[in-house]
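Shared between the two complexes below is chain A, which pairs with chain B and chain C, respectively.
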Partner chain A sequence: MPPLLKIILRRALLGLLTLLLVSVVVFAATQALPSDTARAILGRDATPERLAALREQLNLNRPAVVQYGSWLGGVVTGDLGDSLVAKQPVTQLLSGRVKNSAVLVSLAALISIPLALVFGSLSGLLRDRGFDTAVSLGSLTLAALPEFVVGIILVLLFATQVFHLFPAVTLLNPNASIFGQLKMLVLPSMTLVLAVAPYIVRTLRASMIEVLESDYIQMARLKGMPERTVLGRHALPNAIVPAIQVIALNLAWLAGGVVVVEYLFNYPGIGSALMDAVSNRDLPVIQAITLLIAGLYVIFNLTADILTILVSPRLRTGLQ
Partner chain B sequence: MSPGRSKGPQAVHGSGLELSEEVIGPGFENVSAPRAQGAKRRNEWVQLAHDAVHYRRTQVGLLLVFLVTVLALFGPLAAPYTPYEFTGLPYAGPGDGGLLGTDNLGRDVFSRVLNGGRSVLVLAFAATAIGGFLGVTMGLVAGYTRDAIDDLVMRVLDVVLAFPQIVLVLLFVSILGPRVWLIVLIVGLTHSPRIARVTRGATLEVRERDFIKAAEALGVSRVRIALGELLPTITSPLLVEFGLRLTYSIGLIAALSFLGFGLQPPAADWGLMINENRVGLIVQPYAVFVPVVLIAILTIGTNLVTDGMARAMIGIERDTGV
Partner chain C sequence: MNDDTKKSGFDLEKILGERISRRDLFLRGGAAGAIIGLGPLLAACSSDSTTTTGGATSTTAEAKRGGNLRIGLVGGGAQDTADPHMSSFIPDDAINWCLFEGLLQYSPDYTPEYLLAEDVSPNEDATVWTAKIKADITWHDGKPLTADDVVFSFKRIVDEANPLLGAAALGGLKPENIVKVDDMTVTFTFDEPNVTFRTDALTQRLVHVVPVGFDPANPIGTGPFKMQSFKPGEGFVLEANADYHGGAPYLDTLTFTEFEDPTARVNALLSGAVDAICELPPSQLPVIEATEGLVPLNSKSGGWVPFCMNLDVKPFDDVRVRQAFRLIVDRQQILDNAYSGVGWIGNDMYSPFDKGYPSDLPQRAQDIEKAKALLAEAGYADGLTVDLVTSDAVGNGAVAQAEIFAEQAKAAGVTVNVQKVDSAVIYGDDYLTWGFSCDYWGLRNYLQQAAAGSTPDAPYNETHWKNDEWYALVQEAMQTADDAKRNDLIRQAATIEYNEGGYIIPTFKNQLDAYSDKLVGIEQNEVIGIPLGRWRLHTVYFK
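Let's turn to the complex of A and B:
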């Protein structure tokens, strides 16, 4: 199918272009702003020698374009520079953190997506009944709440005030497997689930209602097809398509949402690493993490676009 | 928060837009009498507000927003102490340490709560206004110029969209330092692509209408058409979008204060209070709980009002009573 391939290739190239522009923004915000980067990092009372050494390390003496080129070259070859604080390669410093965040985000995604799909489609199916009203108001309320508010309410409920079931801060033993310490992950992942699920629920409810009102569902019902087949074979698969994009956007949001949630629970992932790096002005670490998060967004988005093209017959066959 | 996290504005083409065409009538008259027709079109968002208020959820939302706003704006007048004076031992409970106890340094929590809402409200509103101005401008330009500029603007906005809003703020704060104006500006900036998309979408629908064509044929300048004809026609979706962005601004500004990048100590600010007092959560929960609840009430309130407006715009019947 060359036309389909061509469309996918075009989307991939656009994604790559966005990724490149993203790297320009990351670089510009940290190294090319009209301020003395070296002095900002070291503070007012830095000695001229230390300033000179740092400028040398970060290539700050050369033109911005050259700096960007060598930085991007490093990124492409997997060399993200050395942390200014820990004095070790950024990749080495972050590898454990990336793994921890990946576990947390995957756990949140694995729980929230099926949960939201069930609640959303049931809510659309039982439109305007008690269940639907409760789900709609619940998701509207949760969608309004900032994630740290949700997190603190969960801590008050399940860790400190009402029940004492789960720890309020994450104290992971770095020498043991993270999967043996799942109790630590309950509250952080629950916070992320409650932050993400409402949007998927609301999208699926809306698309379910739209699908159920369509002619082909009416046709299927009129010709006497069992309700279960109508819902399982016709309604649900079509209702899920618009949700793919929203799920992808929310997965991408999770990558950024972990910043606040990890800080709140003191969870050792990339979010809390970014917070530490920002307060220490650890430039190479800031660049690496922001680039990673924005890169994930572009990739999730691209995957969702391609998936949507592949699963919707109208888009797929329209190309041929 | 992520760009896909806005549901309402997708259903932009609603009764509101069709209504405006009916009201406006044939294009030529309204070009020759811009004033009269402007007054008529203003009815559109008055009508939207009027319709929205009939939903129970809008009423509840308005009440919540009103309560928190009054508390934030007039609270400082009712505070028994200044937010900075020490009134007791750190983390004293309610009773011996005032109505809500004291905070991590022994300051009166009740007085700090009453003083700490103004900053959240003002900064969030400012950020939303900046985002609205930039977004509507770019959206109108992109949607109305229809050529290469449209492509360029939308491509650049895609890049801003690739950063979660809080990450972009952290990126700029890292070297320039936590300055309040910078945070407001960047939060506004991160809103603008989302608002621009909604504006552009609505503009694309309206620009083919007869009254726009008529104005173009008469040689009215494009700027005047954009501001005088297009913009007044798409106020309903923009109003809904503004409400949504205001909700997210409150959350973002509060979250940034909570992370320690908003107002700096010793300022009284709800987000900062949560950060300062969470170590003492077990002994003195009120210093955290009360600001958290107030932020929650405010965002739930703005979201309920926004949802009411979105429902009024797309004309969902009020058969469930909520």
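Let's turn to the complex of A and C:
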């Protein structure tokens, strides 16, 4: 078996173990929350008889371990279970929302990553010049602001107070393709871009500066290599290695951080579904969404590690 | 129109405090309002109100047909339902009022008027009520409304195996006592006299009429709008019922969107993504007033957020402590700071619009010295510590109100620990047994309210109020058909609660909504808030 494949397999197995642990923790946390699903559904109208009947109906009377076991058994066979509140399969309940969130996150990633790479490397190249100072100031300011503050400022600026360019909230027409309604996505994705990009910019700038000061770049320049080759062949590939890890972490953050931004823009994605599920103690839905987010963390990190190995000659050759 | 609204105060409300709890809306069942001539039907008297419609004088002749009205709602969730007998949250409620109707409804001046029934009359002692249904009313699928539908609806509500939310309003009505007399007549027989059955029960939205074999997945009603599509937790689209017996709606469709976040809801209106929103946070009223093209809809209402003192728990078993706590409250400060001045001062008695409400009793005001003296008499001269349970789930302002009270109580030597919990906890296992807590009630008339929250067998007797003299008065009132006599009994009962009861009622809320001035005909409720003119949107049109 090729060494790389071996690494991937081992990491994938470890990832599965992580997911299992996550599901145990989430299950335990949900059990520790005061009150239960039947209470949450019935609210003030809960009479003891109706509570008992509903708990029976929802199988909440079984011991916690049995409940977890039967849920896990379902997941292993590909069945995420039914929502306790909406009484329909979790997959059916969430499919549209997962798609919406995926579109938003991908859009944010597709814009922020190239943008951040360009700004970061230029910043490093033009160290301490006007451009670098401006980018540093901007990225540090944005990094210091929580994403909901950024979102509120964007709304005030572009939707309600100053300009009226984009909708302040996302009212998706469920009968039309989301790609026909991209105007709705402008502010939410811009918020995510501004939340994510600064970290990548900062990392790339720092590693660019470090690489440019290294011996092998000086050597290349002394040998009289054209500057374009120095930068393109030697500097950038090395500078980008730390950035890969940061990008992966940020993509993973996007998958979870989208919750706050979705709330702010009333975006019909997994974020609002998760909040609703927690307040209703709707365990199968909570589990499905947290597993999805945790799964993305695992996948992004694994991908980043593999990419790092592939672009770093030392690691690549070390495998053989 | 909003001259009586004070705009002072600063925002203490918690952003998440918007989610209206189940009973909130259930209790709004007996809601009504007063049209200030905005509707095309009342165009003749609209000259006074031109300012509210942005300078438009409306006449029926100008009413334009067509258009899609987009409305922002307080979000419900995955449990949203189109079943009118299970309406809990605001989205359920909007569907219910647009799709379904009751035998009676409250007219805008808060008097019951016939809707699906043409007559509902009691026998001599009000134990048997006979309802006659109007002819020529059809369901959305074209079938005629008959006595069978009415019998089916009420049996469905009071089904003993699975009583639905409306059952509480029907005072122990048994399924076998709902009887079809002929195709258009139904009788309801009670074990005991039920004098308020027609006025207080049949006007509630939780007893709206559904067709035989009703299936909430295919919600067929008699109302002005029909269901087109429904995504629980996200929103729904309704289309005009061209055959509506009250006249076809002007609008083609209503598109409702649910918002978790009140800020997002307000932003949606400000940016023009929706044309109207319900439940504008009071702190946002100045923003709407300053925005050209938007109109606030600020209606006095009978909704109240009491502090509930449990008479079975120390120190509230002592009437002097209850009296002292009522004297600690600075009501104006709570109104200004917790509700941005949008509301009005309460006097520790509910049902302020009941004909028997003792409005001449002196308005209770803060009196720290007297409160201290009462506490000392009760044996708490050295101070007292209590826990006060509250939650954003109780509604806008409930947490702020508790925090303000805790501050005010310090002056009297009372330490109040505010415990903020989530919805599933405050209405969880300890609900109705908390020692000291906040709750929310909508407006109901006195006897209905007493039956729901104060009598010994009331389902929500959260103050554990029991008083033999009071209960005798209430029972007598429930069986007294003569209005004047009944109102006098109610007056006496309310006075006992004013002196000894377990509720502190600092304020009543206003119903606050907002809409675009492109809309004409949104009814102004003057008495109680069902949002956006009781959801009676078939007379609304775009300029």
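As a working rule, the second predicted complex is superposed on the first by the 276 of 320 C-alpha atoms of A that agree within 3 Å, B and C clash if a C-alpha of one lies under 4 Å from a C-alpha of the other, contacts with A are read in each partner's own complex, and residues count from 1 in each chain.
Simple rule for what comes next: a contact is a pair of C-beta atoms (placed from the backbone, for glycine too) under 8 Å apart; a residue touches a chain by one contact, two chains touch by 3 or more.
What you see is a predicted model; the values in this text were computed from it and never measured.
*Asks:* Quick one: classify A:160 as touching chain B (first), chain C (second), both or neither.
*Replies:* Touch partners of A:160: chain B and chain C.
*Asks:* Please tell me which partner, chain B or chain C, touches more residues of chain A.
*Replies:* The partner that reaches more residues of chain A in the superposed model: B.
*Asks:* In the superposed arrangement, which partner chain does A:281 touch: chain B (first), chain C (second), both, or neither?
*Replies:* both
*Asks:* Kindly classify A:168 by the partners it touches after superposition: chain B alone (first), chain C alone (second), both, or neither?
*Replies:* both
*Asks:* Answer with first, second, both or neither: which of chain B and chain C does A:93 touch in the superposed model?
*Replies:* second
*Asks:* Which holds for A:266: it touches chain B only (first), chain C only (second), both, or neither?
*Replies:* second
*Asks:* Looking at A:257, would you say it contacts chain B, chain C, both, or neither? Reply first, second, both or neither.
*Replies:* After superposition on chain A, A:257 lies in contact with chain B alone.
*Asks:* I'd like to know which partner A:246 touches here: chain B for first, chain C for second, both or neither.
*Replies:* First partner only, chain B.
*Asks:* Thinking of the overlay built on chain A, is A:131 touched by chain B (first), by chain C (second), by both, or by neither?
*Replies:* neither
*Asks:* Taking the stated contact definition, name every residue in chain A that is touched by chain B in one complex and by chain C in the other, in rising order.
*Replies:* The answer is residues 33, 35, 40-41, 152, 155, 160-161, 168, 263-264, 275, 277, 279, 281 of chain A.
*Asks:* Touching chain B in the complex: which residues of chain A?
*Replies:* Its residues touching chain B are 17-18, 21-22, 25-26, 29-30, 33, 35, 37, 40-41, 128, 133, 136-137, 140-141, 143-149, 152-153, 155-156, 160-161, 168, 199, 202-203, 206, 245-246, 248-250, 252-253, 255-257, 259-260, 263-264, 274-275, 277-279, 281, 283, 286, 290, 293-294, 297-298, 301.
*Asks:* Which positions of chain C touch chain A when the two form their complex?
*Replies:* Touch list, chain C to chain A: 21-23, 26, 70, 75, 77-79, 88, 165, 229, 231-234, 257, 259-261, 263-265, 267-268, 270-274, 421-425, 427-429, 431, 459-460.
*Asks:* State the interface residues of chain A toward chain C in the complex, per the touch definition above.
*Replies:* Those in contact with chain C are residues 33-36, 39-41, 43-47, 83, 85-86, 93, 152, 155, 159-161, 164, 166-169, 171, 174-175, 263-266, 268, 272-273, 275-277, 279-282, 285.
*Asks:* Residue numbers of chain B touching chain A in their complex, please.
*Replies:* 1-5, 7, 57, 155-156, 158-167, 170-177, 247, 250-252, 254-255, 258-261, 274, 278, 281-282, 285, 288-289, 292, 295-296, 299-300, 302-304, 307, 319-320, 322
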